């Protein structure tokens, strides 16, 4: 891809904003529009912007393709782990109230929902980025 | 006349959704180009989503967002929204799988339209 | 819900859908599909489905378009029909 | 822990799939034992649930502790309690069988993702079987379908990509129809829980919305089960997929789709609706009869073993749907037996085809002459499962067809009973083709054809042989001990006919 100063500068500026916004969407999901999935995709979109601006290989070197898989596994582990914690606390799967009453902390379920959303977000981000880089990947040449 | 207008105003969403569905299905079945087929698939799916969102909508309702204490409002039905979120995820995964299959087919046969593909498959 | 706006958006969507499946250049088709998704987003936020509109904006107009463009870049751009 | 078993059956495999991904990266040898262990766990869980259901009655599990109208519910009753062990038994057999076949038919770098997707496919199907929420059914249907498309495309043969894309297009149309049908049901009743739907629907049986929903759901599932005029994706997909995948999708996936169709038609709409309100049974019977005959005739016309078996699946699906059309106790017992019987025997037959491809590299009839001399056990397994496919008396195939014919006669469908028998005769036609080629044709090895099965052609490896032989023996054993089996099938049928 040709060097393009405008695209690179603009994306260098806007990527952090997109990422902060994505985090806001994930964390704010329980009370407003958004949630783990949307935030995760928005986060992935920031990487897609980087793919387009800086080419696939440069970004992948920094991100690490293996790490993407690890991220997705961590995300699912958070989600399933909280689910299993609920089982251990004597409730049904993902019954947050069970943990809340077992630990004895009020309003814990809000944080648990946030944690689950975070897990979903991480997984979605990693999976989306790896799908995109898979489809784009063509012997180092980017579209 | 009034009644006709009334019926039209309360149902045009569904009519449009059905038209979009038909456009999508037509592309899915009649178009030769494989990428066009997937575009048709996308249109077909979004039309179904439109159908769901249309019946979730309530006259004078507001978006299902948590309001501060003490405020009252009629919410639109949030359940179809949640269902459609899931369906959108499914849709994008199907699109991704389909496109990567098309890329593989192109690498293997060098064509992405159905007639040419049929010829190439027969020849091998 | 403002019904004339609604109606106009739906008409635009149908025009976009027909255009997306008729243009010969696939890259154009992909971009028209992105426009279709964006109109869909406006329509849905106007129908009070903000969550779905959000997702459609990110997924339909963003990720799907990138996927299509990436796939078209690796295959052919022109289509016979 | 038994009360949490339903959710564990779905979540543990997903975690295991990720574990396979992680460990498989480190060393791909971990994949196989992990997959096997997980499916073994699921199988044990399925059996435990069946025993529990037979003893205690229907099990309900509320996800997240939310009661049905709000939350998603897993329900295990006698019907899916019966389907679940079948699904997992075949998945287990396929998992054992897959190892060697995968090494040969899939690129080495894709083996890890093969096992992950295999696990996801089985999990999706298990989810489809045990869920009590109709939208959840759709989600699991799509999960398993996406896994299936990718699995079909994982073959080394480039034609598999085309087959997978065809399947993807038709499968997505089917998925869209199902989604639309579910939307219509929701409009009519305001609930997605199957039991609630069955309770609330009778009030609105006259509405056009409900008829539309019924039609859309039936068409959607008909594409998924490959009922005759909608079977176009099936032959290519089954033929081009790697052998292990063919075994899995032809047995398990097809059966779960049939299960979903039965579940929606009987448990959501109830017999009263589709027999009296919208009398479609005649139409279904006619389509099923056409499917039985046309599938078998097309199967006879094929030149390739795997493709022939694929068309035979079209024919056999006709038998199961036929039971739906008759809709009386005896015929449905036959239909449910045929779900089990066809899964077992078609699994065995496709395993034979896979073994032959493993050893000879082809499954075209012209290359298989005299194959019985070098692979006696394989061909014997084929003969036994083939006999069951035809319906020779002590086998499971006989039992199911016997009940089907009895049911058709009881309902007064003389012509259709004759069609069932004709289907059996046609089955003789296609099964016999392979037997003739394998046993009674002189070996072509010396005639200088372009294919030379080197002296290396010998009996299949043990890990492929064992599941195959076990399945073929099961055809016989299940047929002999059909009476204890009926103790499970009969309550399932009464449950279906009794509504929710």
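So that you can tell them apart, the chains are marked A, B, C and D in the order they are listed, and the count of residues begins at 1 in each.
In this text, a contact is a pair of C-beta atoms (placed from the backbone, for glycine too) under 8 Å apart; a residue touches a chain by one contact, two chains touch by 3 or more.
As the structure is a prediction and not an experimental result, all values here were calculated from the model.
Asker: Using the touch definition from the top, list the chains contacting both chain A and chain D.
Answerer: The common neighbours are B.
Asker: Taking contacts as defined above, which has more of them, B-D or A-C?
Answerer: Looking at contacts between chains, B-D has the larger number.
Asker: If you average the Cα atoms of chain B and of chain D to get two centres, how far apart are those centres in Å?
Answerer: Centres of chain B and chain D (C-alpha means) sit 29 Å apart.
Asker: Just how far, in Å, is the C-alpha centre of chain D from the one of chain C?
Answerer: Centres of chain C and chain D (C-alpha means) sit 37 Å apart.
Asker: Centroid of chain A to centroid of chain B, CA atoms only: how many Å?
Answerer: Centre separation, chain A to chain B: 25 Å.
Asker: Where in chain A do residues touch two or more of the other chains?
Answerer: Those would be 33, 35, 37, 131, 135.
Asker: Any chance you could list the residues of chain D touching two or more other chains?
Answerer: None at all.
Asker: Send over the residues of chain B in touch with two or more other chains.
Answerer: 63, 65, 85, 89, 96, 99-100, 102-103
Asker: Determine which chains touch and list them pairwise.
Answerer: A-B, A-C, A-D, B-C, B-D
Asker: Note which residues of chain A are touching chain C in the complex, please.
Answerer: Within the complex, chain A contacts chain C at residues 25, 33-35, 37-38, 41-42, 44-45, 48, 52, 128, 131-132, 135-136, 138, 143.
Asker: Would you tell me which residues of chain D are touching chain A in their complex?
Answerer: 4, 7, 11, 14-15, 18, 21-22, 25, 61-65
Asker: Sort out for me which residues of chain B touch chain C in the complex.
Answerer: Chain B residues touching chain C: 9, 12-13, 16, 19-20, 23-24, 26-27, 31-33, 35-36, 38-40, 42-43, 46, 49-50, 53-54, 56-57, 59, 61-65, 76, 78, 81-82, 84-85, 88-89, 91-92, 95-96, 99-100, 102-103, 106, 112-113.
Asker: Under the definition above, what is the set of chain C residues touching chain A in their complex?
Answerer: 50-51, 54-55, 58-59, 62-63, 66-67, 69-71, 73-74
Asker: Can you list the residues on chain B that touch chain A in the complex?
Answerer: Per the stated touch rule, the residues are 63, 65-66, 85, 89, 96, 99-100, 103.
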